[in-house]
Each structure stands twice: as C-alpha cells, then as structure tokens.
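Across the two complexes that follow, chain A remains constant while its partner is chain B and subsequently chain C.
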Partner chain A sequence: MLVARGIFQLAARRGVHTTRILASTAPAAADASSGDNLILNFSLPAASIYRNKPVASVVIPGLAGEYGVTKNHSPVIAELKAGVVQIVHETGQAPEKFFVSGGFALTHANSVTDIAVVEAAKLEDIDAEEVPKIYAEAMKDYNAAAEGSKEKVEAQIEVEVAKSLAGALGVALT
Partner chain B sequence: MSASLGYQAARRLILGGATRMVARGMASEKEIAARMKSTAGINKITKTMKMVAASKMRGDEDRLKAGRPFQKWVDGFTPPPVLLEDFAKSLDKLPQSNLLVVITTDRGLCGGVNSSLARVMKHMVPALDKEKKDVQLFIVGDKGRATMGRPLGEFITQINSDSGTPYNFSLAAALAQDVTQIKADAVHVVFNRFRSAIAYEATVKTLYPPAALTGEPYVEYEFEPDTKTEVLDDMYEMAIATTMFTSMLESAAAEQSSRMNAMENASKNGEDLIKELSIQYNRARQSRITTELVEIISGASALES
Partner chain C sequence: MSAAATTYWRIAGLTYLQYTSKAAGVLRAALKEPLRTKTMAKEKIFFKRLEWSSKMIGQPVGPLKVEVTSLK
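The block that comes next holds the complex of A and B.
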C-alpha cells in the first residue's frame, strides 16, 4: 500500500489529473461476441477508465515482472508495481500506454481481466522534463532520511517510481 | 427541528403556551407574533440547509458514479452485498468472530440515516453476543459515537470521526490498515447504499481475511509473484480499502439526500405552523379590538345615562 501512496504524492505534485483521461474514453457496452478479444475492466478509485471493453491484449506490470494477457489466458492474480500498462485495442495497432501506481490485476477464467490501481495517467500526459527533478528530490529525501525510518521507505518508493517513470518515458537520469 | 420532533410534538411546543392562555383568557398577540418570527427564522435556516444539501448531493452523486465501478474488482471474489435487514435475520450463519465496520455521518440533522443503522445494531450486536459469538465494532463517523457509543460501548474497538469530506481513497487506505490489524473471521461493512435522491437502503458487504479461509482458496489462479500468502494479504488489504472507499461514497450521497428531505419536511412543517399561528394571531387581534370597542361604547353609554 505504500507504493500506492508514493505514486499518489508523485501524481499530486505533478498535478496530473485523472479526469483528463475520461474525456477520451466512453464506457463500452459488454460485447458478447468478443471474438479474439478479452474483456478489460481498468479502474481507479476516482474514475473508471475502461469498463467491459473488448481489447486484443494487455501488458501488465507485475511485481515479479511484466506479463502479457490475451484471450483464454490462464487465471492469474498479480500484485502490481508502479509501471506501464499497455493496452492493444486491436491487433496490429500501437499500444495505448498508462503509467500506473501499485494495485492488483486479476485475470479470470472467462477472459475477463480486472486491473485496479490507485492512480493512472496516460504516458503522453506526463511531463518528461519533470522526471529528473522528481528523481533528484527523491534521492535527496532518501539520503537525508534516517535508516529504517518511515521517511526512508517512502523516499525509497519515490525513487523507484521516478526510475520507473524515467524508464517508461525514455528519460535519462543522472 | 420540526422534522425530527414530529409534527404534533412541534405544534404543542410552539403553540403550547398560546393554547393554555386561550383557555384562561386571551393569548397575547405579542407572544404569538414572537413565535411566528422565530418559526420564520428557523424556516429560513432549514430552507438554506436543504439547498446546500441538494448541491452537495449532486457532487457526491458524481463522485459515487465515478467510483462505484472500482468496487467491481472486489465483487469478483467476494459474496454480493445483502440488505441489513436480511443480514440481521441470518446471524446463525456468521462465523465465530466478527468485525462490524459501521459507516455513519459526522454531522446531524440528516433524517434517519444514522438512527436506522443504530437501531438495528442495538438489537443485532447483543443477539450475537448472546449466541456466544465474538463481535467487535469499528465505527466511522461522529454520529455513530453519539448513537451507539453508550449502549454498545463494550463492543467498540475504534471510532474514527471528523475525517473531513469529501472522502478519498487515502483515508480509506489508512482506515483499512487499522481494520486489517483487528483479528476476525469475517469483516462486515455496514453502510447506507444510495438508491436515489429519495431512497437509500442499509446494506452489508462481507469480506473474509485470508487467514480465516478454509481449504485452498483461489486454487485455480496462478500468483504473481508466487508468494501466495503475501499476495493474498496485500490483496485483502486493498479489497478492504476499496470497500470502505465505495461504502463511504455511498454513505455520503445517502446522507445528503436524507438531509435534503429532512430539511424539506422541516420547512413544510414550519410553514404550516406559521399558518396556524397566523390564524391564532388574527383571532387574538380581533378579540382585542372587540374588547376595546365594547369598553369605549359602554363607557360612552355610561356617560350618557
């Protein structure tokens, strides 16, 4: 749960508003004839990004590593780390990328995948130039905090999230 | 407030003095006028509170609509929510130790949202206790403290109040941490579900801590990372946070709709009272005028004769 709060602070600092995502996504009606698609539910406490949306595939940032889900994938319960969720709506298209905080992803036997995270932002909405600054501040807090204290752990989370953001956006960190 | 006092009781309170004096002699115009003025003042307040509650309800309803889908990921692996009245009828199905998380409001003058929950709790908790089942109460909201603090004091583990609205996920996550520390075989979140601007229903959502699950749970699922117990514990905590978050959103919207209706009723009652007082006032005024006329005339005729 600390991971969730880390990205929370990060997102709050950056002023990335989830509401901006909503403008572009309308909840799709459940598609019975989903063909080769899996049904995706992607939601945050503040908003539902996709509800019963048929998509071709999703790449999910699990704690143990990224993994991809397509229709008829075996059931999985995965704990997530801060990273990128990639959604391919139709095979062949470029993936839509969201940077997410920690959370959970459940893939059920009926090809329904639920992704529940605390915060998410479209990768293109994130200001890449701010990331090195966030990283530098987080490193400062990390080095200044006492060993084993709550501040140290929180700063460590911020550092890891910043690194993950940098990786996702292709920004170099010093 | 007239709404909570009940129409007849309020009428007696405000007209009380006046009706007694009518029996003795004439009710004083000034007193009736004073009561009319104070009732009108209260009416202004209740009307304003109604408008404020209506606008707050719109905001809470929007937040609720946006946040309700988030609960779906939990509903996938937990029993569906049940009505509190049905839950209270099947207490024998409950496990040995239970934690009841009750969501109430911080502010009052909101109709029956809190009292309806408290009423059921005051019957249910001692009943469970009599059946030798462990019950603990985790209360959210100051009115929960007011209505259940004394009668159910021995069962209360924690009270959380004045957290500030609107509720957000951070608060829910913080409360979830406290909830998961309390050992229980089942956690039941009791809240008022928002149905519409005029309807809400008391609902219970039950979650089971992984430690209390018998057999091999989720055997058909692969776990990433494969430390199944840790993943299940974290997932449970997030499920509790999610459930508390959505039930607090429902409770907030229900609170505003209930307050809106209560204040509407109070305003209506107030207007009726003013009408009655106005009739009384005119009667008193007319009888005063008649008395004065009679005095003048009898005085004049005494002079003549």
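The block that comes next holds the complex of A and C.
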C-alpha cells in the first residue's frame, strides 16, 4: 500500500516537472491564471490552428468517450478517436467545432491543453453528400475482405471514420 | 469471446502511424472541393538522403526525392 503510494507520488512529481518546463515557455501575455480561461494549443503536423489561445472550455473526443476540459482540470493524456473537438471561446458562446481524424490530447496541471491531430476540418468544409458514399463503399470492402486481413482492417477504419463523420454532420447512413 | 489484448489494427499488423494516417485520409476524401485538393497534397511524404564525409558537403545518394509509401 505504502509502496504504491510512493510510486504514485514519484509519477506525480515527474508530471509536475514536465508541466513546470511547459509553464515557462507559455507567453506572459496569455496568462491562464487571470480569468477562468485555459490555454489551448491545437495543432496539425504542419500548422497550428490555435497557439496559446485562452479559451473557456474544450470538449475533446477521447477514445473512451467525450470529455470536457475547463481551467484547473486534472492532468489527462488521452488518445483521440475520430470525432468533434468543440471549443468554447467565451462562456455562453456557441462552440466552434472541428472534426478531427485522430491524435492525442494532453491537459497539463497549469491549465494548458495541447491537442495534436493529424487532420482537422470545420464541419462546413465537409461534403455531407460524400459521407454516405464513403460509408457504403467501405462497408462493401469490409464485407468482401477476408477475416483478419489488412484489407478488412483498412475497411474497418474507413467505416468507423465515416460513421463518426455522419454522426457529426447529422447525415443518415443507409 | 475474451477481449483482445490490443487494438484490432495492431493485431492485423498495422502500426499507429499507419492507422492514424488512414483515418486522416478518410477525412480528406470527405472534404469539399477547393480544400480537398489542397489537403490531398499533404498525403505525399518525401525524404532526401545525403551522405556526409569529412571533406565534402553531403552528396546525394540515390534519387533526390524519394516518396515514402509505407504509411499509405
């Protein structure tokens, strides 16, 4: 029992050490401690959507489910599934939504949240008519592929992302 | 049936990078036209290989621009 507690404290200490480095690189202008905002870094591999942006809250599509982050949220590292990231810039405003294909989200103890994704798109940039076609094509490939083969897994990935896209856009799938 | 020890894509031999690149590809295929051609270009990954010696600045080895296909 005591050993487990010691390991936990060591891990927590390491976690605090990491966030201390990150805190020193955050610019003084965007100060998370003033107001109730967290600092958001939302990035793609080659570009940054938001960098050191103070926002009120973010809803993140984690693999185990969607979760919301506000200031002083406990540290979390979550793998993302294909889903919608919803950013509320100021409390009371409608969220800004981005569909993301997958990635990771890290929330640090100093209220900095990093969301790193491979591809992100605003919902209005996604072609709602294309989604049922992608889904139908992927289901066909999935049913035709041999069990346990690479083709089946690739088709499964397509099916899952297409389903998620349909859910986000409110499109019905046959 | 017992729960798998790991994810379905890992069991089939895919790495995380291959899995996440594939998912990104599906999203790109569903985009509206002007943005779609711009982001489809992002799928191409190239590397350039140079060999260095103590005397010479790196000399290219093989073709200058090699497309990476392992994530497709």
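One rule holds in what follows: the second predicted complex is superposed on the first by the 140 of 174 C-alpha atoms of A that agree within 3 Å, B and C clash if a C-alpha of one lies under 4 Å from a C-alpha of the other, contacts with A are read in each partner's own complex, and residues count from 1 in each chain.
By our rule, a residue touches a chain if its C-beta (ideal position, glycine included) is under 8 Å from a C-beta of that chain, and two chains touch if they have at least 3 such contacts.
Keep in mind the model is a prediction, meaning the values are calculated, not measured.
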item	value
Combined model on chain A where chain B meets chain C, clash or fit	clash
Which superposed partner A:Val118 touches (first chain B, second chain C, both, neither)	both
Which of chain B and chain C A:Val76 touches, first, second, both or neither	first
First, second, both or neither for A:Ala144, with chain B first and chain C second	neither
Contacts of A:Ala136 with chain B and chain C, given as first, second, both or neither	neither
Partner chain(s) touched by A:Gly103 [first = chain B, second = chain C, both, neither]	both
Chain B versus chain C as contact partner of A:Tyr67, first or second or both or neither	first
Chain B versus chain C as contact partner of A:Ala46, first or second or both or neither	both
Stretch of chain B penetrating chain C in the combined three-chain arrangement, among 63-71, 81-89 or 99-107	99-107
Shared chain A contacts, counted only where both chain B and chain C touch the same residue	46, 103, 118
Touching residues on chain A, where the partner in the complex is chain C	46, 82, 99-103, 118-119, 121, 125-127, 130-131, 134, 138, 148-150, 152-154, 156-158, 160-162, 165
Complex interface listing, chain C residues touching chain A	8-9, 11-14, 19-24, 26-33, 35-36, 39, 42
Interface residues, chain B side, partner chain A - complex	66-67, 69-70, 72-73, 76-77, 168-170, 172-173, 176-177, 218, 220-226, 231-232, 234-235, 237-238, 241-242, 245
Contact set on chain A toward chain B in their complex	1, 4-5, 8, 41, 43-48, 51, 62-65, 67, 74-79, 103-104, 106, 108-109, 112, 114-116, 118
